[in-house]
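After this come two complexes, each holding chain A, first together with chain B and then together with chain C.
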Partner chain A sequence: MSRVNKKRKPAEDSALRGLISNPDFSRLLILIVMFALTAVLQKNFFALKSIVRNINSFTPLILLTMGQAVVIISGGLDLSVGSALSLLTCVLTSVMREGMPITGAYALVLTFAVAMVIGVINGIGIGYFRIPPVIVTFATSFIWLGIALFLRPTPGGETVDWFQAFYKIGNIENAPASLKAFGDIVPPALILVLIGCVLWWAISRTRTGRYIYAVGSNSESAYETGINTAWVQMQACMINSVFIFLAALFFVGQNGSGDARMGDPLTLKAIAAAVVGGIALTGGRGSVYFALVGALIFSFVSKIIFFANIPNAYQTLFGGVIVIIAIAGSQIYTLSSRRAMEESKLT
Partner chain B sequence: MSRLMSIRDNAAFTIINRYKKLIIAFLLILFLFVLGEITVETFFSLGQILLTLKLASFIALFGLCQMVVIAAGGSGLDLSVGYTATITAVFTAAIMDGQNANLWMAVFVALGLGVAIGLANGVLTAYFKLPPLVVTLAMANILQGVINVYTAGKNITGRPSPVLQIIAAKSTGIFPNIVFILIIVTPIVMIIMYKTKLGLKLFGSGSNETAAYLSGVNVKMVRCTAFIFSGTLASLIGLLLIGNMGIAFKDMGSNYVMPSIAAVVVGGVSLTGGDGNYVGVILGSIFLQTLTNLLVALGWGDAGKWTGFGIVLFALLIVYLSSRHRR
Partner chain C sequence: MALSNANLVCQSGRITGLLGANGSGKSTMSKIIAGVYSADAGEIRYNGKPVKYRNPNEARKDGIAMVFQNLSLVADLTVWQNIVLGSEEKKGMFLNNRAAMDLSREIVYQLLPGLDIRKMVHELNPGEMQIVEIAKAISENPKLLILDEPTAALEQAQVKSLFTTMHALVKKGVAIVFTSHRLWEVMEICDDVVVFRNGENVGSIDFTKDVKDLEKIIGYITGETQKAKVEKAHDTVTDEIVLSIKNLNYGNFLKNVSFELKKGEILGIGGLAGQGQHELMLALAGNYPGVTCDAELNGKKVKLNKPANAIQNSILLVPGDRQLEGLFLKHSVFTNLIFPKLGLKRQPLLTPQKKYRKECEQVIDVLSIVTHNLDMPVNSLSGGNQQKVVVGKWLSFDTNVLLLADPAKGVDVGAKRDLYEYIVKQVKEKRMSVILYASDNEELVEYCDRLMIMYEGQIVATLEGKEINDDKIVATSMRVS
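Entry: the complex of A and B
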């Protein structure tokens, strides 16, 4: 009996250690801590109004991070997400005419097409020509910026009334009361994030989902086994485009205007949030759902800093510092947890 | 006789092959000038060419920062150069205050800032193995943040010292003085890159990390040093920028980040490291400045400039980088 106990004890111990050094578990733990901290700091955190407000302010980063995660897992990296987002908002607001509801539908179709073209062009560079992703998307980001500036040199533009359905259904004048009530409880932003999750869930069930991981973790062997790696990477870029498209809908619903420079700060945040969520920048590792967790951690940290009463001028500064701390921390953590895992396997 | 001819042809061929990318860059510039002359009247004039050279010099100097970092390999890129220059310009404006006597202090501050920023970039990328692009982009954010804090709620005061203005803005005869700086810098850079041990180490680390390491090169140190050089040079360019403009403002340098990378690519420097012909980078800078002039003359402004730069960079990346392993 005592022998059994003796034998079991180290096993339990290593199980606990395994749980702690399990990156997913500790990420959730960090998220809970950040959540609790924010709940303490923010007044009326659990009131419906502030929950909705928080969801609204987190949504764009969550969507962009999930899209970025897909690209990173496929072995790429997209530096053009920010300017692509700006371009899409400019296209949306250029097509729509106030008081003509049908133009909203045209805008949706056209903008989705533009989003797909963005994905295809990035995909051609990353996948087919195999230019280092970082540099090719750096180049394309300026193409999107330039076109966005052509469309909208200064922020502005028109929208149709029903487009606010992507932000707050209650703002639409002649929406049915039941729909308004529904929108008050379930904010459209949440639905957009859900659409993103369902989209990735559906894709991850298909062959494409597996191929994205295969290509990202070892492009050469994936190619040798007959996978069309270029096409897979292009598909990853197009999935990313869908996420950017969803974020653009939310932005235009919220602001009612397009802005060629609006998305720029989000590029770096999305990459950093993906890294915090455990997406390895080397590709092939990580989960898109945990990218969501990373984005939430990132958003909560920004929120906490906001509550620390730091003046507005410091925001960019702290944004940069957080990114460096986040990626350095993740790097150190990944290395040390891998070492711990190896050690526990050896003993 | 015919054999001799073929040998000579061969020699000519190898020379053309070796300088293929330089020739392409040169032809691209000529093409732009011809296009400009056709579409815009009086595009091809001496004054225009000299102005182009002056403005291209700044891009070329930023391109030097970028080239050294890229040549050191490890997919290095420095996206913080423009912001480093801005922060130096903003800080030293008040120090100089239009007095030559204060220039030494300003140079001292510029060197300190540049080394500190470069060291931070270098340590994080080379020793912590973080992706250079993300680190330098975050550094750019941090620097912009510091500038925002420094300038929050007040005007940036101070003027550059007259010496700086003479170097950066004035001309000797018809030639802008900044061009002479470039003429002095270029041979020094070329000699260091191709004729000294330092250049050999740099290219070695870039082209084959393992081989360089096994032959006793401290690859991490080389890459870190490349970033320190980039930061320091960018900081000194900040002094030239304020000398040229006469005042410092919040985003005076940030617009140079994209052109500095594009100039390196147009100049035919391999982005995978281990290569770096500065003459190519200068040609690339002249090309980009000519393109800007043309687009501005056509009335397309900023939008046209960025779209044009993006498309040129994208197209040349496809031409130069994809040939070997396209799928």
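Entry: the complex of A and C
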């Protein structure tokens, strides 16, 4: 027992070291750097208007990344996120009729049901049929796209007026003034993200939340422990669907129309952002909140490129390079600080 | 077909030993009872009622808990999260984490005081993981507890506290099925034993009625009357020094380790688990670039800073964890056997398949590896045969020093004997030198010419001749003498 005591360092010293060598710390550092760069490059960065505008443009990716993170942690991967989002916007705008506020409620209920069905179908493929997630969701992505194109071959559709509550409360004609004022300060997009965070906060305190990590980390062990691994993976897909649903609400509120193609580019961005946020693609590791951080880093990168006057033709290239540098940087940082920690242990 | 006509009876308040060679169907039997697999035919009666579990959850609900040989832990959760996994209690809407931590702390304290239950499981060493796996099974308050090789990764003190816990459970009326390759453990703790061979039960002994006859049990397990014990290689030890290590240091793990290895000698390394033995073996095999030492091989200075160096100097390692360190599990026996050649010897442009296949067949012959053919994936072989493949891959090299890092861990009696028989033969014939680390003292007693005991990274004693016996080893390891 004396051996254990000898090894133990003064508490605060090791606590600080632990914090610095924590990979999440390096992610926050990167976020701060990106934030600062954007603040320098973007004029009026701290003006209320640009803050709201930035939050609005970041929100869809943040929501999708958090949902994707849940699926990845459970040991899956969802390539159908983008087209599922497109499908949901198409369903929303197909149900709603302009000037009939009640259709908005119908649309909400029906679309939520569709979102759940999407999660269930992906979950059946991944969990119950044990088909590799990449293949299941690649296939289903075409099914969602196909249905979306059937509903809405070209972008368009109708919405009800109050649906703008998901984008800008001030745009609603007969909303009370106090609510409008509140909406100007706290944009609905932020509330959607908060709903997502609270949702995960609650789930992570239930068995489902614990089991999602267990199944993603080692599904065989989880099964042997009596956990219904297929059901857990399906639940992860359904949680992801809730996040996609929230993103769809925002999109329709913003654009007032549905588009069968709008979600496609977001699929891989959401996966990449989750990885930047420290979600291990092998499953079981990472935090959904840090997926949010990853999405923020990713979004700031595109802002920086936009404001840095980089010629249009090179913007995509630069985006890729910056993301690689960010990931490699955090990796090197983690390795070197871990090595430093080990060396301090050795001597 | 892993089992045919296998029978097993266990009673509450008794510990039944389940014995058999690797691949004899012990684990399969256990997993059927625990609901992981389902039997093709036959009947399981539990408390007098026939049961058929479709999944582990149904078995758990009936009070059957199992400690898995390969562990059923989740590396990315903490110790306490693992212990309550699958049976979490709720408090209102959310999980009751405080109760879970209290329960875990209480159970872990019986088995291994000092283990921090908030640690992540991937930070633990194998022995600690095993303890957590056992704690997890006990936390379910089982009526039937199946322990599939719970002691392989444990050191003796931990085994003792496990036995104490088992006795306490049995007093409460729990039935226990206990599997182990270490026969002395079985003799000590079990009330009766059942022996499996090739998926059938071939014999059973009730210790409360019959005598504890070790020879008879070994006979059941191997299916043959025991051969004469392998003789020690003492007479082959020469005065010529093959390897001399001076002041080997590696951080806190190894401190001023110095020793000399003679030609034709089997030098043992013992002590409590985790005192630097494993690190020493890996350091000698060149796995730690940060090691400082003066090493001389046959009088010439050598560097031990990378594995390729050690291998080129014919210092060859047979790692203990064959599945992680020694084999490409999903590849064929053939690939595994020729692999070191491809990387480390001058090769013709195209691999001469025919020639190599012939060589491999010879290796299989010499080591009597049981496999259908060369192209079987290596993970379809039983543990003992897998370990022989690890040894076999070095056969085409001239060996100066063979490092055996717990080579018989999880290997049955028969295969263990084959393996050591072969090594002793090599020592005798080729005057090969061997450094042997084994977690089981029995192996050290049986085969070592000299034995070094390690404690906190240092060599604290070297035993020779008649000093090498179990009592002396334990005493020196615990530093009580």
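General remarks:
By our rule, the second predicted complex is superposed on the first by the 288 of 347 C-alpha atoms of A that agree within 3 Å, B and C clash if a C-alpha of one lies under 4 Å from a C-alpha of the other, contacts with A are read in each partner's own complex, and residues count from 1 in each chain.
Criterion: a contact is a pair of C-beta atoms (placed from the backbone, for glycine too) under 8 Å apart; a residue touches a chain by one contact, two chains touch by 3 or more.
Quick caveat, the model's predicted, so the values are computed rather than measured.
Judged by the touch definition given at the top, the superposed model places A:226 against chain C, while chain B stays out of reach.
Looking at the shared chain after the overlay, A:206 reaches chain C, while chain B stays out of its contact range.
Once the two complexes are laid over each other on the shared chain, residue contacts for A:285 go to chain C alone; chain B is not touched. Set against each other, chain B and chain C touch different numbers of residues in chain A, with B touching more. Within the superposed three-chain model, A:317 lies in touch with chain B and out of touch with chain C [touch as defined at top]. In the overlay built on the shared chain, the residue A:49 is in contact with neither chain B nor chain C.
Once the two complexes are overlaid on the shared chain, A:214 sits against chain C while remaining clear of chain B.
Once the two complexes are overlaid on chain A, the chain A residues touched by chain B in the first and by chain C in the second are 223.
Residues of chain B that touch chain A in their complex: 75, 77, 124, 128-131, 133-135, 137-146, 148-149, 152, 258, 261-262, 265, 271-272, 301-311, 313-314, 317-318, 321-322, 325-327. Chain contact summary for the complex, chain C toward chain A: residues 34, 36, 55-57, 59-60, 66, 68, 71-77, 81, 85-88, 90, 93-95, 114, 136, 250-253, 290, 456. Listed in rising order, the residues of chain A touching chain B in the complex are 77, 79, 125, 127-132, 134-136, 138-150, 153, 223, 229-230, 265, 267-268, 271-272, 275, 281, 311, 313-321, 323-324, 327-328, 331-332.
On the side of chain A, the complex with chain C involves touching residues 1, 3-4, 7, 202, 205-207, 210, 213-214, 216-218, 220-228, 284-285, 345-347.
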